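Following are the structures in question.
There are two complexes below, and they share chain A, which is joined by chain B in the first and by chain C in the second.
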Partner chain A sequence: MTGYLLRRLPSALLVLVLASFAIFAILRLIPGDPATTLAGSDPSPDTIAAIRADLGLDRPFLAQYFSWIGDLLSGDPGRSYLIGGQITDLIGDRFGNTLALAIGALVLMLVLGPILGVLCATARGRVPRALLGAVNSVSLTVPVFVTGVLLVLLFAVTWRLLPPGGHQSIVADPVIGLQYLVLPALCLALPGSAVIARYIKDGVLQALGEDYVRTARSLGVSRRRILWRHALPNALPPVLTVLGMQVGALLGGAVVVEALFAWPGLGQLAEQGVARRDYPVVQALLLLLVGVYVLVQLLTDIAYALLDPRVRLG
Partner chain B sequence: MSVSPAFADTLTRRRLVQGIGAGAALLGLAGCRSAVDQDKAAPAGAQAGPRRGGTLKVATLADLTPALLFTQGPIFSIHRLVFNTLTRYAPGGLDPQPELATAWQIAPDGKAITLTLREDVTFHNGRPFTAEDVVFAVRNLQNPQRSAQLRATALAVTGFDIDSPHRITLRLAHPVTNIFDLFEFMVISAKESVEDAVLGRNVVGTGPFVWKTWTPGTSLVLERNPRYWVPERPYLDAVEIRVVPQPDALIASLRSGQSHLAAGLGGRDIAPLREDKAFNLREYDQGSGNIYLGVNTSVAPLDDKRVRQALSFAVNRDRIVKQALGGYGLASAAPWPKTSPVYTDADANRYPYDPTRAKALLAEAGHGGGLDLPLAFLSTAPAVAQMVQFDLAQVGVKTTLEPLDPAKFQAQLIAQTMPALWTGTHGFASNQPATLAVSAYPFNEAKNTSKFTDPQYTEIVQRAWNQTDARSAAAKAAYAELSQALLDRQFIIDLAVLTNVQPATANLRDVRQNRYNATVLDDAYLAG
Partner chain C sequence: MTVTIDKPAEVRAAIPLLAAHDLRVVFDSARGPVHAVRGVDLDLAAGEMLGIVGESGSGKSTTALALARMLPPAGRITGGSVLLDGDTDLVAASEAALTGVRGRRIGMVFQDPMTSLNPLLTVRRQLDEALRAHGFGDRGARRARSIELLELVGIPGARLRGYPHQFSGGMRQRVMIALALANRPDVLIADEPTTALDPTVQAQILELLDTLRRELGTAVLLITHNMGVVAERCDRVAVMYGGRVVEQGPVAEVLSAPRHPYTAGLLRAVPRLDTPAGTRLAGIPGTPPDLALPVLGCAFANRCTAAVDRCRTEQPDLAPVTDTARTACWVPSTEASAHPLEPIVRRAPDPTSPVLEVSGVSKTFRSRGRPAVSALTDVDLVLYPGETLGVVGESGSGKSTLARAIVGIHKPDRGVIRVAGKGRLAREVQMVFQDPYASLNPRMTVGDIVADPLHAQHIGTPLERRARVLELLERVGLDPAVASRFPRDFSGGQRQRIGIARALAPAPSVLICDEAVSALDVSVQAQVVNLLAELQADLGLALLFIAHDLAVVRSISHRIVVLREGRVVETGPADDLVAHPQDPYTKALLAAVPSPVPAAMRAAEAA
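And now, the complex of A and B:
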């Protein structure tokens, strides 16, 4: 196993090195640099030149690259040019916020999706069925920037039940923090919930039509028990497959939701970093992303190797 | 797929209603301790006289950028909250009033100014304010890394004579008409904290509020300065500035009672609040910048003044103000707001919307058959460019729109690589006219984006800047000449002066702004 790991490590490291170079180069190919942002409005060329020199952006490309890599290897990814804080602190804080948002959305997705799916499958009567169908379709098709505005309009402006945006730490004050989390998490969870609901609805309907359900019913097993103990568990396996994809979509959707609800997460940090050419922040975020992918890939390979000896021996 | 008859009655209408009720009850649980109540801005109401206490909640589109602490930015500024300035202009004009400087004397030759400073001022860290802090403030702005737009004026200060801890003379390379513009722009910060301040860590001034905590991307909290040198001020206990990076969310923050004041919104954004009596739309008379059509004079046929003037006649400024700015602007061919000493109605209306005259001028310049030009614009603000494109097409000037993201736009602006035409915004027309010409890069006589050079323009700019007395007849004549030079040469075609408007709840009183749009809360209070 150790030998297999040693064989896999060089390629993982190579990917990281190539990615670091590509990230560094691509950012500098985009027109505009941090000095133009740091120079404020109506700046003079002298001001921009002085800032560029101060940031070391006038040094040769490779010198800048190796300086960045050297700092990274010594455990210091540097400071944000614009925000001023240490990148490790910035990313650490924002990562926690994005994680809280993603977990909140995932929990809501796992609660709302099955409930909606079961209700859709068992609804009787034209009105409830049409209503549930409409809720499902709207959740699935309306983009998050529209549902976000609607949620704010209803829950924050009209009824004033929840704050329209902002953030407070859930750890520091769980009661208040959760209230800040509800609307963005709900907004982020709705499309995924609708997808899960559709899978569950189809699965439950199919299960309810099976012979074993009829048999159980004829033996006097209650309808609720059959639904929750037999039909629903049989409808879940396809949902697990789709859930993985929805988790990926959660992270993508978080960028929009964070902007809409003033939620200070990684998406907002990345968006600001790219727009204002805050090189150290964007470089660190992208490299972190690549690192996570490489790590997941490595762990997957190790899992395969553990499960199948032919992989580690071959 | 149909529902099995055995399960057809699992969800009935009654159960659906019961379910909705249960959901509402769950939501009600949130009411045990409400984030909404915690956030709620004090209710609107009428009470005679200022009320002490309360936290002012401000929502702003963009976060503070510490590295830009000493520049004028487009978003909510803390310049006059944490800091003071040496002097301040009286509302509605350019009459300097005492702040940290109580008196001043300009030398007869205009090459020195002696300031008498307040003796009862301390920084938030307890250190007394002295003349040495004035020296540091000027040198700080002379440092190009501070990106101060009034650096040219700061550089005109060549030496300091400190007579006593509270009396200093600034020696100048030449007389400058905009020295009080510099004094209103230049915040007095504690020199021992500046390097930390530009990293957002320890911002220390003498102002009415003390920097408490800054959470990047989230909020900035300022608390009342208990040792403020103005007796009984400020009334507010604290100011909390929250970042809400989306206009609709910013409006929602105001309407939901989460904020008292919204900063950074455009005229069109605030339209939903116009008829709502719960809010005041505060308009400030100094404007908040200008929108313009830039012209690259090195591109033929834009090197011909007649073609540039034709473009100026071709644009319908009133329509731009109405549709792109939501009515919050002054359609004007001149850059000056109405409170500028050089503003005249005649200059503002120098280029009325007149397509016929525009076509005649184009024909006179030999371009009656039409033109085809690129038009760059900020991708975040396409409306003005689209309107300009339509107007120019009516006189035979076809334009191709080229969207640029803000960083690229700024880079091309400075590198003088803009295409033939571009739309953008500029500032610095609200103070002494010379400040526009020496501090706003598009108007710089030595080097500008338009690649416009003209010895006569240079001479006029220098004359407008180098007057001994900014209020003398000679200075006023030079300003008028500067205005005429800009209107005649049209390398920057000004379209409108932006009205500075801030929506706020009706109970927020006595908020002011200085000439650089920095919010002043010394006398502000929340009526009970």
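And now, the complex of A and C:
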């Protein structure tokens, strides 16, 4: 396993390097720059030029890139131009909140996806099957900002069960914290759950047709046990790949959900950073996102090995 | 199920353990209902081994599954009964009752040991689950029983913690048998349990089943297409055709004096190891009935040479022909019909200059983290124009690697492969593959498939290619009009003819047949083997005929090469090699081939 991870290291590093360059370049392709924002309303060209020089934005593109990378390698992602403060502090303050949201969403995804998937695979009769299919399609296709609003309308406005937005620390008060977490996490988890459900359904259906399931039936193993012990585990490996990709989508979705539910996380920070062209903040956040994604992919491969003895033992 | 206890012993003895009566199964398909089993009567007594033989589509596997109500979702039992102990009708039983019967009263062993075990669970877990399903003892007792079961089937108990992929095919089948026997069932249904295995492993597994039957008294229902297996292992045999049992009786009687023309034809079509090289195999002309269409009269009538008018209008039922045997035929033959051996018209190979020379070829496969595998080591062989060289050996012997090296798919590490003739290797050497279903692209028409090598090698104009395709289809015995149809419309034998036409398209000098007839039923296999022999005689082709069935190889080959673990262990003229094998491995291979002649009859022949 260690050897395997070591072999994967160069390609992971390469992804990070390429991504850092792409992030850096793309940000500078967006119209407008931080100097214009900083200069306030109706600035003179000289003011803007002065600010640009002050921020180092007048230097050649590659020189800017390498000084950013150099600082990063020495552990300093820099200061925010506009929000103010060290980026490490900005991220540090919000990281926990987004982590809580992401973990909450992931847990919901891992619970809802398989349940929905197995139900879809085993549903008998036209009506239940059509209903489950509809639930799945709706979760998959309706965008997060629509489901978010609907969830708030239902749970916060109509039924008054949960707060419509905001954030309370889970560590300080788990009960209150969870009440604030449920809606945004659910909203974030729905599309991914639908994707997972889809793969679980196909995988379970395929596994139920496999020879080893026939063997288990011939031995008098109960239907329920066949489903949960034979079919579902064999349906999981492809789901893992999808799950890895869904984690990426989760982080992207967090930007919208955090804005929607006033959740003070990295997504909110990213949104502010982009709106104000705060290059260092956005660069750091995007690179962090890529890093998390690369890590998740590695974890996916490890999970594969844990699930399947043929991968583990060769 | 407790009712039987009240009955006196003599009544119980007369009641068969498992009896199917007028069993009918229908499968839903896109083409409408397929009547796969059309009224089957079978009975199985305690401790006996009953063989069910028949070709693909005869309904033998479906019958086996239906007995334990194990049909896939598309299939359903539409009539008849399956009585266990004479009083429990499994066709009417509840799903819960069936779960109690499966594994506990009826165990099953399936064909493919590679896919029949759950790859994610250890052998121990799977055995444990089987035992737990019927409430066998506590954890410790189940563990002890699991070790006992493994040892019963000849696997060291220490391997309990292994995963299926860590076992060979034969070992997996042993595990499968251990699972099936876990709860000491009275009946074991084994559906082609050795078909996916090498002959020597097949012999071991059959021996194991036989021993277990004797020691545990388990009744065995053995489904097979192999007449040799029936002859050597079974007490009684039921022959199935078109979803019905057409003949049933003691093995010695049915195999030596078949009453039904289909049984007789099947026996003639089976290649026998003692048949000299160059003998024409007797196929059964025609194809099995399409069970999606209504069958009028006897299903075999349109392939039967003895058929009379009544056969085409009225379905015969199983009726006694002797004290012990029954047959479903309006015109059963009354005496054993010996059939004369008919030689194939063959040209003698031209031994002046070889068309293919393989010298000192070695190939090793390496992959990370695993020991290197020497697939071929210093292999030498020559092939002359018009000659058939048979290549035999078990799985892993390097047969397919050799074929692939010759056509250029694998580059040998050492050694030379020389092909005579002006053309490039890719044109001079063509291949016919094993699986007639997987080796034809389902989205291409037959015409495009056959023309494919012509396209690939830029031979001819579109018009010339078209003419060539039609000529080739006719050559392999197909109607040229089929060129515009798709592979799905054809049976396995017809598909293999298409594969042969494709291989012949660029007019090669060497044809490599890699297990090209192994997947076919015997009656069809004979047709294809005869076609290959005819093509060779007409076109002067050199054939490299790779197969694991020694009898088929002998019948078609001039010379035979025996491969073992990538090395040539013996080579010689076909008849000599089979009659007087020198190498111990060749002897073992030959000894493992079950003969389709019952032992009693063999003794009579020898006398």
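As a working rule, the second predicted complex is superposed on the first by the 186 of 314 C-alpha atoms of A that agree within 3 Å, B and C clash if a C-alpha of one lies under 4 Å from a C-alpha of the other, contacts with A are read in each partner's own complex, and residues count from 1 in each chain.
Just so we're on the same page, a contact is a pair of C-beta atoms (placed from the backbone, for glycine too) under 8 Å apart; a residue touches a chain by one contact, two chains touch by 3 or more.
Keep in mind it's a predicted model, so treat the numbers as computed, not measured.
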Chain B versus chain C as contact partner of A:Leu307, first or second or both or neither: second
Touching partner for A:Gln268 - first (chain B), second (chain C), both, neither: first
Partner chain(s) touched by A:Pro233 [first = chain B, second = chain C, both, neither]: second
First, second, both or neither for A:Leu295, with chain B first and chain C second: neither
Residue contacts with chain A in the superposition, chain B compared against chain C: B
Partner chain in contact with A:Gly209 - chain B first, chain C second, else both or neither: both
Which superposed partner A:Arg217 touches (first chain B, second chain C, both, neither): both
Touched partner set for A:Arg225, first chain B, second chain C, both or neither: second
Partner chain in contact with A:Leu9 - chain B first, chain C second, else both or neither: neither
Footprint overlap on chain A, comparing chain B with chain C: 209, 214, 217, 223
Of all residues in chain C, those that touch chain A in their complex: 68, 70, 72, 95, 99-104, 106-108, 110, 112, 115-122, 129-130, 133-134, 163, 165-166, 176, 179-180, 182-183, 369-370
Of chain A, residues touching chain C in the complex: 209-212, 214-223, 225, 229-230, 233-234, 307-310, 313-314
Chain B partner contacts - residues on chain A that touch it in the complex: 30-33, 36-51, 54, 79, 81-85, 90, 93-94, 119, 121-125, 127-128, 131, 149, 152-153, 156-157, 160-168, 175-176, 178-180, 182, 202, 205-206, 208-209, 213-214, 217, 223-224, 226-227, 259-262, 264, 268-269, 272, 275-277
Residue ranges of chain B in contact with chain A within the complex: 1-4, 6-13, 16, 19, 27, 30-36, 38-39, 63, 65-68, 71-74, 144-145, 147, 149, 151-152, 198-201, 215-219, 242-246, 248-249, 252-253, 255-258, 405-412, 414-415, 425-428, 439-442, 444, 447
